[in-house]
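Chain naming follows the written order as A, B, C, D and E, and within any one chain the residues start at number 1.
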Amino acid sequence: MHIIEFIFSPLLALLIGVFFLGLARKVMARIQWRYGPPVMQPLIDIIRLLSQKSASHGVAFNIGLVMSLAGSLVITLFLPFGKIAPMSNSGGMLVILYLMLIGPLGMAISSGESANPNASIGISRKLLLAMGYELPFLLVVLALMKAYNTTSITEIVSLQRDTGWSMFTFPLVLSGIAYLLILPAMLGVRPFEVVNAPQEISSGPLVEYGGPYLALATLQHALALFIGISLFVNLMWGGAANPVIFFLKMLVVFFLGIFVNAVFPRLRIDQAIRYLWRWPSLIAFAGLILVCVTGS
Amino acid sequence: MVNPVLLIAVPLGLAFMVPLIDSASRKLTRFVPVAALLFNLILCIRLIPAVLENPIVINLGGFTPPFGINLFVGPLGLLFAGLISLAGLVVSIYSLSYIKNGPVVKYHMLYMLLLTGATGVVLTGDLFNLFVFFEILCISSYALVAYHGDRAGIESSIKYLIQGTVGSGLLLIGIGFIYGIFGTLNMADIAMKIATVEQSTLFVPMILMVAGLGVESAIFPLNAWLPDAHSSAPSSISAILSGIAIEVGLYAVARIVFTVFGISDIYLFFAFLGILTLLIGEMCAFAQSNIKRMLAYSSIGQIGLILFALALATNNTVTGGLFQLVNHTFSKGLLFLSAGYMIYRSGSMEISSLNGMGKRMPLTSLAFTVGAFSLVGLPPFAGFPGKFLIVSGALLKGEMVINILVGLVLLSTVIEGTYFFRVIQALYFKDGNGEQRKQAPATAVTAMIALMILIVALGVYPKFLADFLSSASSDLLDKMSYVGSVLK
Amino acid sequence: MTGMEILLLVAFGGVMLTYILGRISSSLRNTFAVVLSLVLVVIIALMYDKTGETIFYRGFFGIPMVLRINSLSWIFAMTISFIGCLSVIFSLDYMKVKERTSFFYAMLLLVNSSMMGIVLAGDLLTLFIFWEIMSWSTFLLISYNGGPAIAAGMKYIVMSFAGSMAMLAGIISIFTAFGTLQISEIAAGMSSASSGFKIFIVIVFGIAFGVKNAIWPFHAWLPQAHAEAPSPFSAVLSGVLIKMGVFGFILTMYVVVGLGTYMSLGGAIFSVRSILLVMGAITILVPTFVALLQDDAKKLLAWSTIAQAGYIMLGIAYGTSLSMAGGVLHFLSHVVFKSLLFMTVGAVEFRTGGIRDLNSLGGLIKKMPFAFTGTLIGVCGLIGVPLTNGFVSKWLIYKSLIFGSPLLTFVALFGTWGTVLYSYKLIHNIFLGQLPEKLKDVENTPLSMKLPMIILSFTVLLFGILPGLPLRVINKIVVSLGFDSLNISLWGIVSESGMLNMINLFAAILAGLIAVWLFLRIGARTIPVKQDDNYAAGAAVPRDRYNYTVKFYDPLLRMISPYLRDIFDTFYMKIADLTGYLSNGIRKIYTGYVGNYVMYIVLFISLMIFVQMKWSPW
Amino acid sequence: MSFLQNNIYYIGAFGLIMIGLLTVLVKHNLIKVIIGLSIMDTGINLFLIAIGYLRNGTAPIFSSPEVESILMVDPVPQALVLTAIVIGVAVLALALSLAIRLYKHFGTLDLHKIKELKW
Amino acid sequence: MDRNQLKKWFQNPVKMAHKYSLHVVYFCTGCGIIEIPPSITARWDAERFGIIPVATPRQASLFIIAGYVSLKTLRSIIRTYEQMPEPKFTVSLGSCPINGGMYHDSYNTIKHLEKYIPVDGMIAGCMPRPEAIFVGVTHLWTLIDKDMADGYKRYRSNYSAYRANQEKILGKLEWPPLFPIHGEE
């Protein structure tokens, strides 16, 4: 049973991630009054990409990407999907926070070796954006951990079953709002789509990826989407006992993200940081203070 | 038992023999001071056990005190005498090669006179005799400062002379007052009678004497001659002036204040004076770009520190002060001696001209470094135990004022460290002109190595000196036993 | 003659012998230095799990000077000798091209020996003496390179010296108060001392150790000193030397002052503990962002060292067994990965002919793959990527802080993101991106540099995957300082607020890596291309210019740099300037006109007489 | 008036000392300064003599048994003064010789212009 | 996706994926690019066939050269083409790449693009409408199906000739040969 969970949950995460990618394209097309590609299109792309003979820039180019995807896969073992959370007893939220570093870092090393300045610019923006949303995000997470007095994400989820969604319980409501405000940045959707920016820096870190590498990068993107949404649902929307309910919750969050993506233009990176460090951070900070004051 | 009078008589006699010896053999002249001081050193060492048991009192001419002039060879006096002979010996070895041009005969003569005067000051038990020896010390140092006969030497010498003469005049007036009041010049006798006179009467003579001796011992407002004289004298003489002359002045001040007057109300004032001297000396040194002037100002600072230590008048601090004094004699001597050859090689006294000396004269630079580290008080060199004792003694008094003063001492140590480290960096880590490597002559190197060994030995095993210093400090502080042993 | 005395004798004797041998033959000296440092490692390793005290010297005015060994000393001594050994090995090639190598080796060994003396010291006097020897020998080594190193050395020694003077004041106050300097005896006296005295002791020792540990606001000396010192020594400097401050803090707070007293010292809000914690937090936050501004590789690492010292400070000052373990473990971790980073940067500097400017390097990964791997592992440790030692130690620190003071945790966590940014800048600007034309003949890392890198990289990973190894020793320290024992297993730690299991994580990540790698192998074969075969809108890549390194994080830096002025550095420099002005002013009293001088004498007497007549104080 | 009479030597002595000191302080010709020092020395010598002086006293020699020691002037200050005079002469000679050298080097004796060593 | 295509998907997923996931890099030299935006936006929506524009040749599988090719742009075209991962397809748009079109007598345009890089399909017209582009793409699908879109293979096997042609008109090229050149073939 356990071993099945170990294999199953990353695959499920990949599947959902890829599905979300396809759905995103479809929904975006519909919003733009287009017919749109089939939902399976990302899968088709991945198959095509795997069969292409790409150029490799070196060992670190490969390893970084592998590291990135592997890191993201490991996170899925820690995140409860419904009740499926095979490694939740090996470390809590802190481990997840740190594992979340591996993804961007591996990508950064890999695309750094590709020696393309566009990639470097993209990575620089990616890290800066992460810096931007990490400030409010950490405040939110700390408020949560302080409020529930645990660092284990499964416990946070199970505690919410008694108290209701943390987003709508009193001391955490501000943190919830802040989390919502930074969610687009964490998912990397449009107002904050500064990293890839195909029109500007030739899709940034992905500029030198082709063939299998792009496939891996796409999967990594899909997983990042999954992790971002799943984390939000777990932390703020009470997770779920049932994988189906959980998936539905994720879907709602995902649609929210897509709608924002569809209607907003892109910010510059400094505008993005300025935004993230202003209102979301202030609200998150207030939330943390609120939690500290009421909690003790 | 050997007679301590020889400590004065032999160098004095040999000093006047120097011209005669010179006329006999020109080569021998240079070795006269070495021989005399070696003799003195051996004498001092041989006297140590006896003196530690009981101070030796010699009545000159058979008159018993208070009528006659007496020599008092206590641990303190012997410490100074030994220090003078040791430093004098090392410097005279150094001078063997360093002093080559100019009136060499006169140099050696005056040099020995200077040391005779210094020895006399520390051994005498009579106020006027002290004045006389003091004048011998001063006059010979005026002349030695002007030894090179260059602009700076003459200028500083005349300035030194004017101030020194004013100072000794004041001293003499003070002695006159004392004599007028007590009718005696014997220090022990005065010390015994001092309680019979109202304190306020004694103030004027005391302040006159302190001011007079203060000029020689470079206490703050009276020390303006020092940087000039020390910086323009030949380096060997700078070493002696810095290592011996001002210390002897300080000894005289301490003797007068502690033993003769012995009124403890004024000690705190001297502590303040010491700190002021320390701070001003260190800050002036901090702003110098001329190495010898820097060293001279640093001497002022050290004197301030020693004065502070002595003024706290506990056994610990005085021991610490004397330790620091010994360290200062060695370290400053070493600094001046090493700086002397570095200046000789580079031809300029600017610190910037010493850049890269570490490569050209490694041993001399090492000597400078050791001296500087020791003076700053870094372990394992001799400066650290002294500083440790001073600070611990001062803190042991447990008074807030003194604690603050200790803070200032530590602060000034930081300033001192700063300018010494600056020079060390210049020596080793800045690129100088690519001159060839050439060591100082063997005699100079011998002298420097001897001092280095002494400094390191004292730093590693301070106990070696501590017991002796401890009895020296009680000699200074215990007025009654002084009086008792002189007047029997 | 106990092991400690033999150790110190060997260490200090070796210093002299090294210098003397250097006069004879350089290869003999090198061999001897390596052997000596290996012998030291062995001697210390043999002392594992021993405790004891011996009086080794009474020559200092009869004050007994004591050496003692316990688990705290052992772990520090082990680190010192280990890093010392590696840095000597690293120096073999690095110093080949320099002059005055004998001096360098002797001083390097002297610094190591004196640090061992510090950690083995059983009384404060011994500690101070070795402390000062360390200070000045470090000064000589920092200034070694000349040029800008002069100013760096000067700043270091002045601040360090001020710190040691503060320490001297503290030591002597203790001596006068309790009549003993033996650490084991002071604690008894301290418990009955007044709280004012305790606070005084904490402040003076705090200044001394804070300067050495480069805690904000005493950090000003560190960046320049680390940057300008020779790289093997930078590794020692950043790795172990500044950790003497950590040692001192532990000693002062938990041994001298005592755990119970420390936790309750000071007022409710401005307690010593909270002030230290806030200082630690600021030390994390500010230097992390300043590091982002740096263009000099070693300066960047230096600022990062300050920031990491903040983590250690947080762990140690918080004062629970978990945080203490975290602090000490982070010290260990930092030693390993920061030495590694300084060595790799040193290797790059060595091979590129002294280039440290991040803007003019790039693309060295193909030329120096070893150095790249080392840097990558080091950087991962620095960031705290799971499976490196930095992760475990940071986890422990966060874990202990998280419920007590979430804001401090926030600062620490946020600092990690800053760490990611500057770490990536370091690794990107040196190794990634495109190779400048002038560096196309760079050779690979020499063997003597590879060896320490391999050992250190291995250690980073070993301690990351099996944190139980160091944590067992650290647990002993924690217990000996009066804390509760921790529940430690080989692969992690179990505490009431959560557990950590690195083996599981390792297995998961390994499985993930293998799976992804296999997945990559499913795809078509890839074609290796040259570094400059890039997409450049169809153009052939312009060499030397197709690199994005300058102002790597410009948008952020433009926002934050106005807030990052190093006010304390400015403040210290202002003080130095002021002292200069003041001194210059004061020396003007020596006017050169002899009449004035005589006037001073007359005024002195008149003032005295006036005072006496007016107030008659006497 | 009797105060003046009784202390005339002291007044004279201190007058001389003050004059000497003032000369040293105010004059900036080196020779005049040296003269000032000399005057000061003289004053001090006078002061010392005055300490031991008794009005109508006799020489401190026991020439005949009936001479009472109470009427003798104190001999010690006289001995002191002799020494002091010798020292003063030595200093004066040295000072003047230095003044000659100084003039050779600087071409002036104005102490305001001889300020190469300062600060 | 057509239901009756499922069988094909199972038979050869790679080929099908190549057909339905054409990531395009456009080379926009002239008027041809005017016709591209309508084809990828709401009116014609190329994305429903999996055709999307990408930013770099590394990610692309289809290279559309829209418009005339001058000497200067040829250099970039070759470079871009060589950086695309195999399998890759090339389609030229308009008359100019075929025979020079209205620039047939210009001293500075390329008259026959296929001399320098292999072209799998050419869509004639001046300019071709989006519908024509779609027709071209469907034609390319057929070619892919029949393994006839083998431009990249031809490029590899005849690289020496291509390189010679390129160097003949452009002079020395800044980049090294993509494939080893075996003398005269």
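What we mean here is this: a residue touches a chain if its C-beta (ideal position, glycine included) is under 8 Å from a C-beta of that chain, and two chains touch if they have at least 3 such contacts.
From a predicted model like this one, the values you see are computed outputs, not experimental measurements.
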Mutual neighbours - chains that touch chain B and chain D alike: C
Count of contact steps on the shortest path from chain A to chain D: 2
Which of C-D and A-E has more C-beta contact pairs: A-E
Chain separated most widely from chain E, comparing mean CA positions: D
Most distant chain from chain C, judged by the mean position of its C-alpha atoms: D
Whole-Å gap separating chain B and chain E, where each centre is the average of the chain's CA atoms: 96
Inter-chain centre distance, chain C versus chain D - centres from mean C-alpha coordinates, in Å: 68
CA centroid of chain B to CA centroid of chain C, Å: 43
Centre-to-centre distance between chain C and chain A (centres being mean Cα positions), rounded to whole Å: 36
Contacts with two or more other chains, residues of chain C listed in rising order: 533, 535, 537, 587, 590, 594, 598
For chain D, residues that touch 2 or more chains besides their own: 21, 24, 33, 116-117, 119
Residue numbers of chain B (touch at least two other chains): 158-159, 162, 166, 227, 284, 287
All chain pairs that touch each other: A-C, A-E, B-C, B-D, C-D, C-E
Complex contact set, residues of chain D against chain C: 21, 24-28, 33, 111-112, 115-119
List of chain C residues in touch with chain B within their complex: 58-62, 100, 125, 128-129, 132-133, 135-136, 139-140, 143-146, 149-150, 153-154, 157-158, 161-162, 165-166, 168-169, 172-173, 175-176, 579-580, 582-584, 586-587, 590, 594, 596-598, 600-601, 603-605, 608-609, 612, 616-618
Chain D residues within the chain B interface of the complex: 17, 20-21, 24, 30, 33-34, 37, 40-41, 44, 47-48, 51, 74, 76-77, 80, 83-84, 87, 90-91, 94-95, 98-99, 101-102, 105-106, 114, 116-117, 119
Touch list for chain B against partner chain C, complex: 158-159, 162-163, 166-167, 170, 199-200, 203-204, 207-208, 211, 214-215, 221-222, 224-225, 227, 263, 265-266, 280, 283-284, 286-288, 297, 359, 373, 376, 378-380, 384-385, 387-389, 391-392, 395-396, 398, 406-407, 410-411, 413-415, 417-418, 421-422, 424-425, 428-431, 460-464, 466
Chain C - residues contacting chain A, complex: 363, 365-366, 369, 372, 376, 380, 383-386, 391, 394-395, 398-399, 402-403, 406-407, 409-410, 413-414, 416-418, 420-421, 424, 427-428, 431-435, 497-501, 504-505, 508-509, 512-513, 515-517, 519-520, 522-529, 531-537, 546-549, 552-553, 555-556, 558-559
